[in-house]
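After this come two complexes, each holding subunit A, first together with subunit B and then together with subunit C.
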Partner chain A sequence: MFIQTEKLTHIYMPGTPFAAEALNDINFTLAKGQVVLLIGPSGSGKSTLVQHLNGLLKPTSGRVYFDGRPVGGSKVELLKLRRRIGLVFQMPEEQFFSETVYDEIAFAPRNLGLADRELDLRVDKALARVGLEPDRFRHRHPFHLSSGQKRLIALAAVLSLEPEVLILDEPTAGLDPVGRRRLYALLADLNKKEKITLLIATHHYDEAAALADQVLVLYHGKMVMDGTRSKIFSNREALEKLGLALPPVTEIMHDLADSGLPLNKDIYNFEEARTEINKLKGSGTNES
Partner chain B sequence: MSRSITLGQYLPGNSLVHRLSPRVKIAVLIILLILLFSLQNFIALAVMFALALMLLAASRIPFRYFIKGLRPILFIVLFALIIYVFFTKGGIVLLRIGSFTIESAGLRQGLFVIARLLVLIILSLLVTLTTTPLSLTHGMGYYLKPLNKVGLPTEEIAMVMAIALRFIPTLMEESQRLMRAQVSRGADFETGSIFRRARNLIPLIVPLFISAFRRADDLALAMEARGYRLGAKRTRLHEDKITILDWSALALVIGLLAFALYFKL
Partner chain C sequence: MVMGKPSEILIKARDLNYHYTGDGENIFPALKGINLDVHQGEYLAIIGSNGSGKTTLLKLFNALLDPSEGEVLVEGISTVDHDKIPMIRQICGMIFQNPDNQLVATTVEEDIAFGLENLTIPSAEMRQRVVEVASRLGLEQLLLHPPHLLSGGEKQRVAIAGILAMHPRCILMDEPTAMLDPAGRKEVLQTVSDLNKNEGIAIVHITHFPEEAAMADRVVVINDGCLVKDGPPELILTDLKLLHGLGLVGTPAVELADLLRTDGFKIPPGTLYNRELVKSLCSFRPKN
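Then we have the complex of A and B:
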């Protein structure tokens, strides 16, 4: 298993009257090359869980494994781990501190001790990977970009580590619909073309659901559901009890199918939905 | 890092100490501190110490939590003891280490000073542990009010203090979040020379300032939208009422002070 947690429990400020259990006995595995969606209402522990996977937070008890080895150990070991697992925080553009896009993106590889020539290559490659022209953006001021562009630069600033796994915490928070669509198209490409394993933690998964292979559901610090996308989203009642809804497209397909139409409910984007519904039209006219 | 924040941080509760009015709590603290510094002998100090511990027990603050918060202060206390023990001369020589001597007057003085320091810390922490920062600033604002007459904008000063206190935990949390975000980009805040470490803080300080300024802007706008104006008379949602409990506490400590001063304890 690529990433695995074993009885992971995290308590904030243990031993004080402020102690709060954020994660309770979390067990899950995640296979290489997959897109995994981590969903749950706000405050369910998604961000806390995600920060354990690259060793930023240490479990109060239990363990995290990456590529067969326990996460943790010396500083050098952790740096190696963070090179392989890129973590994009919520609103990552709030971490900007440089005066040029170049410096912002070069920050991570520079911390790895790479030479200047290698840095240039990394920055250009990272910009190209997020679909921004290196020559146009390299020397711009990161604070003067649009919010969508800022988010892409923030993503490039993590991609410059060339990680095998990309973990994103609410990647589309605060983006407009076009920005959201663009970001998810990009993430889908990273997974399909470059085989980057993705873990997306979000409570706004209308678009993200279209990419997912596996879905994890966190509720009050407990992993309450874990399975393939079709398994999790076929269980509409259970999700609604947790205050979660189906993605809108899927919900429409469920409603239509429940009203008696012979439709496949396991659908997550408009293209598939259109094809599926058009099939119905075809069969309907044939019968009459 | 996060542990040191707990020092003196307000703990919600409903004990007698919690229920005292913040204004009275401040007055009681000041009177007790005057009393503390007028005491000249060990027995009286021991009584004060016992009194402080009794108040601590009455506040129902978990003792272990209290001790934990005290840990960073122990260093200062120890340092004070060492200074006194080595540099105050007089009485009989107890120990000789090379050219240094420990003499009985030094030891006596040192113990007296740290006992006094401990009582002072316990009493002060007790106030901050049982009072929200907000009501504490309101309490202080009350005592500053007379300065209004000489043209000091005390209402505004109290507001500035309240806002500063309110945002300490927020900024702490923010800085920790930023730190983790930059660490996951390979940043290192812990190794290297002091000069290097200071330079390494740039990725932390710049975003922190930006967000602090943005927060300040938002807050100013939100306050104006709710009708906050400089110099305007404001009323309070939670009126600070002086109860019989407050009067008895005040009477008690004033009595104690008078007693101690009269008998020159």
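Then we have the complex of A and C:
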């Protein structure tokens, strides 16, 4: 397995009166090249979990494995790991600190000790990968870009390390529909064309659900559901009990099926929904 | 709009222009010639893509920015009258996207009282107002809790409580649910809708979610700094030609209904919600 956790438990401030258990006995596996959607109410442990996967947090007990080796060890080991597993935080542009887009993106690869020429190539490649023309953006001030562009720069900064896994925590918060669509089209490409494994933690899973192979559900620090997208989103009641909702298109299909229409509910985008609903026509309807 | 007097103008924007000064000598026009009245007790949604000027408009309403040209009057007070800024902000409180950026105190009750302290309200009355708003918003049990340990929905309700304690006429909200889970979103939207319906507090709500804009009495569309459309949600939010042209989307039901209409399904115009779509499609039930 590419990524695996084994009895992963994390307690914040253990041994103090403020001790708070954030993760309890988490076991899951993730195969290379997959798209995994991680959902759960606020405070369920999603951010804590993702920070274990690239060694930002250490388990209180249990283990995390990446590509057959336990996560952790020396500083050098961790740096190697973080090159392979990129983490895009919530609202990453709030952490921008450079005067130019170039410096913002070059920051991490520069710390790898790359030569200037190699650095230039990395920055240009990362910009191109997020669909921003290097010549137009390299010298811009990151604070003067639109929210959508800032988010793409933040993603480029992580891609400049050429990771094999991308972990994204609420990647589209605050983006408009076009920005959201653009970001997800990009993520879909990174997964399909470059085989980058994706783990996406989000509350707004309209687009993420359309990409996902597997869905993990956290609740109060426990992994309460883990399975294929079809399996998890077939159980609306269980999700609603946890304060979670179906993806919007899937919700419409459930609403229709629940009112007696003979329709497949396992659907995640408008075009599939349209095709499915059009099947009603062939079944002896009273349409005009 | 039950208790407010809908005809009375609460906020008036007249020939409003605002430009940011960007790189060097560049001037970036963010708002161009906006004329808009917000009425007492009204629920107004503002939609538009990232960078269209929505947030700038809200900041001008709250005297966080001074107009470059034109003016904003809040209950007749010009926002450039800087001596009156505390009064303007008491009339119109503002809620931001990320609750963590607006909670300042170490306990919920101190946080709710923060605005009152700045208004130099006597401590006995302060106490009374804090307890009163906490009970209105169901936060009584949380008064002594540290705000950073609350859920996202609770944090936004604490922020709303802090504004309510100042006895406002209006709450300005900039994407208040962007960081929240589905349950937190519901919780905040319900609270806001109750305050509007039961107490006649006007709401100005910026959102990227069409289903949130659908809660409003009126929807205003901003694009590239200009007000391009103003009307009831059932007209604006079903006008996909308009929305798509500006990089926006309709509710999932609107989007799917549009596709199905071109396939010959009869779905009435103005269909905004799943339940309406389901009703239309159920007439396609196969005959027995």
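Here is the rule we use: the second predicted complex is superposed on the first by the 281 of 288 C-alpha atoms of A that agree within 3 Å, B and C clash if a C-alpha of one lies under 4 Å from a C-alpha of the other, contacts with A are read in each partner's own complex, and residues count from 1 in each chain.
Everything below uses one rule, namely that contacts are C-beta pairs under 8 Å (C-beta built on N, C-alpha and C of every residue); 3 or more make two chains touch, one makes a residue touch a chain.
These numbers were taken from a predicted model, which means no experiment stands behind them.
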Who does A:35 touch here: subunit B (first), subunit C (second), both, or neither? neither
Pick one for A:92: touches subunit B only (first), subunit C only (second), both, or neither. first
Just subunit B (first), just subunit C (second), both, or neither: which does A:201 touch? neither
After superposition on the shared chain, which partner residues are touched by A:212: those of subunit B (first), subunit C (second), both, or neither? neither
Report for A:175: first if it touches subunit B alone, second if subunit C alone, otherwise both or neither. second
Regarding the shared-chain residue A:146, is it in contact with subunit B (first), subunit C (second), both, or neither? second
Winner on subunit A touched-residue count between subunit B and subunit C: chain C
Taking the superposition as given, does A:16 touch the first partner, subunit B, the second, subunit C, both, or neither? first
Check whether A:157 is in contact with subunit B, with subunit C, with both or with neither, and answer first, second, both or neither. first
Name the contact category of A:79: first (subunit B only), second (subunit C only), both, or neither. first
Within the complex, subunit C is touched by subunit A residues 40-43, 90-91, 141, 144, 146-148, 170, 173-179, 203, 206, 243-245, 248-249, 251-252, 255-256, 259-262, 270-271, 273-274, 277-278, 280-281, 283-288
Which stretch or stretches of subunit C touch subunit A in the complex? 22-23, 48-51, 97-98, 151-153, 175, 178-185, 208, 247-249, 252-253, 255-256, 259-260, 263-266, 274-275, 277-278, 281-287
In the complex, subunit A residues that touch subunit B: 13, 15-18, 51, 54, 56-57, 75, 79, 82-83, 86-87, 89, 92, 94-97, 107-109, 111-112, 157-158, 161
Inside the complex, what are the residues of subunit B that reach subunit A? 2, 6, 11, 62, 64-65, 68, 177-178, 180-188, 190-191, 202-203, 205-207, 210-211
